[in-house]
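To start, the structure under review is shown below, and the notes come after it.
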């Protein structure tokens, strides 16, 4: 689905992404891990058109999409969430979701002025859908709350909810789990799997919670210092010495053992 | 809701009091200006309140609206056209063509030195070509009877037609400005638009062939169907009617004329507010608010931020242009020296903020209130000062203060502005 | 029982509208670690803010070392030896990493070069990025700056709102180690965590907050062992 | 009974520093009339209105108030041509109120429809341009640089001077505007200096950009002598600039009548500067209105405005500042008068000043009259 | 061919005046940029703050002159300057306490503060006119020229003169020194850093124990000092008139923006960009070219790119051009 070829993104002299090449297969849930500052978010930003690459190409279904603006990529079915929540603070949570669907009739002025009936009908449909999403994320009680005034974790959920408002082909999730309650995160994981299975979404997920990665992802790609360090199945990557040294550390191993002991 | 009604009633009361204690003519004349201001405030609110664009070029768009009145409604100056009309048109065409050619070359040529120098050569060559054709034509046109003409004149069409044309002219300018400047943020955009407005005014001041520059155009025809007072006073039917109802014909004629304006401006205001409200309370409005809140995120959600900014910038500017045309045609005069940022930009901003940005009704309320205040303090300021110093014994201090009383206008404006913002910091009718 | 070192007792209040906290109590003993867990929107961050005086309380009070500080401003609480890392907006984005740390030491009059060296030891990446504006850092790096800034204060009590959100496992482990170390030097630590299992592991005391009220309060170990807590709040 | 006279000038805005002495001039005439006790139609009071000079709408509203609320019978004003035109069309004509402007000099106002209600005591720019060309060519000056204040007054003056000077064989090296009230005039001076010329014609206002340009020209040594138009006339300029101004010259409306001197004297005694631009014209405007009312024995604008041309022009007993009492007596006695006033009023055409001029030169910090034209 | 005369003509009419005017703008822009950098709004009252400070200084100068205190060849006003600064600082602190503080506590949007400052501007405007009137005031005394055009010609025997005024020199030097001090203060001192921290993230500044009131007070005091210095130097060089000071606001803002809001170096650079573009683009190069080319080729026309009618238009056009390529000014300014 997505092929990244020898991608570079430099900030001044600093190489945040330094010749990364990788592939995200259609229908997969690809995990992207790596130490802080490895260049994961920067890679997302380049793919999603928020930053221009210094060099290199990004292909989507064989088509070169390098440097296309974000709104065009959205229309091609490429969605992303932000690591640091980017909510529309002065709008209610419901509106935050309702604004997402593309090409709404009511978004052209002529319809907004003179074609209210058709607009209203469409609105009803979108509203219902948004309500369903809020329900699913367990925050339907917040539907009328301003998005600027909800808790940090709730913002993350909203961020995720926006990707559920449309039929995407590929969704990039940047640390949806950080700050989200683990019980809820499990539910979210289930949802991701369901979207993947039932609707055929492709996912690329950045996450530091290895349990979460292990539950969902195959394959897993580990980045470090702007390059791809290792890739493969979760187990392969988890046991890769370089990954352990750069990213997982030995503490985790202990913890994992402990987990096993606990059952 | 009740609170808002009360606020509007309060402002209405101000006008009524002005009518009762000063004169109805004054009240109506202030009302007309306030209505125009309210429309401009709506235009600004569309840009700022909906999309967060900090446009301080209002003055320029209003002036372009005024220019439209000249171009549409004054009589053509035949001698001017004969002297250099074609030359001026040809010059302008050449100028536009060389800009277009430069842009074309810039887009087509491969990046590098060839492109830079090629484009530059086209620009420079075009400039001199333009000057060579344009300058002599201008001199010829301006030489014809500079005391009363010296320009090309207009089309001699009905003045009411100038209003939509003013809107179109402003919209066209907004399109060009938007293409250049809308990438800028907050205060940078503000100063850029302010600068562009100054450029527009500079052109209007110095290009005499266009609308006589600083020599002004006076006595422009009134918009249909507003009558002239003098005509009314001469019409036996009107005088009869006035005396039958116990009015003085002179006063009655002025009032009738002003009421005509009130009706026309009011109609435009209602139309604009109806359209604005509909737009705001629709998915379009929601999308605009989203863009205002967070552009990055809106773009990631598939909204074309640049296009939407341009759209809303053009719309708002067109509304200001229409209001600017109405202003000029009500005065019957275009004086480019009149356009200064304090009056035509910042006063409008005060209206928007005091009224409550993001809320159409707030902008209207602010327009009416501040419009009233701006004109009424002219007489109230000195009166207040007179009352304040009444206790002082005669002497240089007292004379000094009384002489300085005229400046109470600005002082009073300032105090009221501060008081309103103090007690309702988000404006009188805040955004929901 | 003696009064805990820091206690927010029976706190009730919110952001102007309806109350978020309902008679919620949170406390930490000297040199101990207390961890607050709970679902999203439970009021954990709100409780932290309330303890730090960034929120008006309608009822209840906050005591530090026996002294009632309910009426003090946040900066007065800083002067009294409290340090806080908020959940969001927790760094100065336009200032360099080093300046961020210096600002952490703003109220200190002694030489803080030592402390800074310690922070750089703990987060080596920050040393590399010393002169870069903090706003240009990655999410996890920002989090490290935020914690580093609070450590610079040398507080008597350190309050952390999700310090490990977005940091990589290796850093997280070190961070927890370091927190234990800090606590050993006699500094009390009050933190909110969603990586709750690791956090409760090292916690002397745990609070489970639901809808602004205390649901469970016990030692960390006990909470970890409670199947209901595990299922509903710790993700099984 | 009170007879109200509106004084409609730009108390705030770009001319705010010029206007106070104009208003004082008008008030001074009113005081003189009242003190004489010979004005039988009532006590004259004044009401001020602010045109802001630039804001037509504000000016119109102020005029509207003066006329419909305060009930003034006549207006001294407005000051700037633009707002004056707007007030004339939108307030004065509809309500049939006469107005005499002391300082609106735009030629366009000559042809504006006014129902016989509008006069001005300032000459139209066209006339002054010719006078300037005469003076310069008589002095044998062949080439000059011109800077004008960028409004209808300055531009009109520069245009008419340019035409007249060219007709006499002189050349204008550059004619460039300056905006009043701006921070810096280096760019203007640089261009003027580069273009060169034997001297600099300054068509501006005495305490505005005109002064700034002179100051900067002297500082940089660009020009050392200046021709000063009527707007540039005033002691304040000499006070501010001092010695370097010696040798500059100019002309102001005036005749060899001692009117101007008398007025300045009296003004000084009354505590204001009568030499400032358009102060005399303001005095004359107010005086003319009141004398016309007396002559018409009516405060109705239609009546008094019919008398203005008679009173302003010969034949008749000449009337100078300070002689308004005498004038009222003569009028009461049915004797014809010729109001000369402080600025040598002579109205021609559609009621504008004919423009007799007094040529002067600045010598040792004093303004010395050279001759009359 | 006469390179020396060409150079002197250029220096005299273009370089020196533009340098001086640029420094005057820069001093004003420094104040604007400081307020923007720390308190995060565009302070429209800055022009009138300058007028206020200058007015106080003038009043004190008059008093000093009346009791016979002078400052040798330097203008007496420089002696009176500290009094002006003190009074203006007190006034600024007063306005902050009575007006701005409220909105800061409310966390009002920057545009609200801009409008509030517009209100303050109106009020200050009125106060200044009420106290000192609207007329022009000349208060420069002492020596006027370091070197006058005539003296220069005599000294060098050149046909062109070069004039440098004392006030011009003082202004240029002051502008550069003040910029340096401000830069050092904000970047290197603890107080300066705490001010930047406050402007970056107010809540977090509280959590670091920074006293917000103190930060705000210091900001206002420095801004008032900058405004007074700028106003007095401008008034000495030209003259004092409230309306002109109000009009100064526009070029000052242009300078601050072109340089990048919040950046002291930007303010200086911006001042020069605006001043030089005003003077250079509309300059008639005739004289200079005449000196440089053989007599037979001397130009007839003025060799002027644009007439001075368009000097503001040109400087704004340059401003816009700069912003198109560098959207936050030459020195990466802030934006709220």
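Chains here go by letter, A, B, C, D and E, matching the order in which they are written, and residues are numbered from 1 within each.
Definition applied: contacts are C-beta pairs under 8 Å (C-beta built on N, C-alpha and C of every residue); 3 or more make two chains touch, one makes a residue touch a chain.
Note that the coordinates shown come from a computational prediction; the quantities given were computed from them, not determined experimentally.
S.K.: Walk from chain A over to chain C along touching chains and report the minimum step count.
M.R.: When the steps are counted carefully, the minimum from chain A to chain C is 1.
S.K.: Select the chain at the greatest separation from chain C, using centres from the mean of Cα atoms.
M.R.: D
S.K.: Select, from C-E and A-B, the pair of chains that is joined by more C-beta pairs in contact.
M.R.: A-B
S.K.: When the centre of a chain is set as the mean of its C-alpha atoms, what distance in Å lies between chain A and chain B?
M.R.: Each chain reduced to its C-alpha mean, chain A and chain B end up 47 Å apart.
S.K.: Could you please state the distance in Å, as a whole number, between where the Cα atoms of chain B are centred and where those of chain E are centred?
M.R.: Distance between chain centres, rounded to whole Å: 30 Å.
S.K.: Please tell me the distance, in whole Å, between the geometric centres of chain D and chain E computed from their C-alpha atoms.
M.R.: 35
S.K.: Show the residues in chain B shared as contacts by 2 or more other chains, in ascending order.
M.R.: 205-206, 407, 410
S.K.: Touching two or more other chains, which residues of chain E qualify?
M.R.: If we look for residues of chain E contacting two or more partner chains, we find 134, 307, 309, 312.
S.K.: Which residues does chain C have that touch at least 2 chains other than itself?
M.R.: Residue numbers touching two or more other chains: none in chain C.
S.K.: With touch defined as at the top, which chains are paired up in contact here?
M.R.: Touching chain pairs, listed by label, are A-B, A-C, B-D, B-E, C-E, D-E.
S.K.: Which residues of chain D touch chain E in their complex?
M.R.: Within the complex, chain D touches chain E at residues 14, 16-17, 20, 150, 174, 176-179, 181-184, 186-191, 193-196, 207, 211-212, 215-216, 219-222, 236, 240.
S.K.: Within their complex, state which residues of chain B touch chain E.
M.R.: 48, 54, 180-181, 183-188, 190-192, 194-196, 198-199, 202-203, 205-206, 341, 346, 349-350, 353-354, 357, 400-401, 404, 407-408, 410-411, 413-415, 417-418, 421-422, 425-426
S.K.: Enumerate the contact residues on chain C facing chain E in the complex.
M.R.: For chain C paired with chain E, touching residues are 52, 54, 73-75, 78-79, 83-84, 86, 89-95, 99, 102-104, 106-107, 149, 153.
S.K.: Note which residues of chain E are touching chain D in the complex, please.
M.R.: Listed in rising order, the residues are 9, 12-14, 16-18, 21, 24-25, 134-136, 138, 148-150, 161, 163, 165, 234, 238-239, 241, 243-244, 247-248, 251, 275, 278-279, 282-288, 302, 304, 307-309, 311-312.
S.K.: Residue numbers of chain D touching chain B in their complex, please.
M.R.: 11-12, 16, 20, 48-50, 54-58, 60-62, 64-65, 67-69, 80-83, 85-86, 89-90, 93-96, 106-109, 111-113, 115, 126, 150-152, 154-156, 159-160, 177
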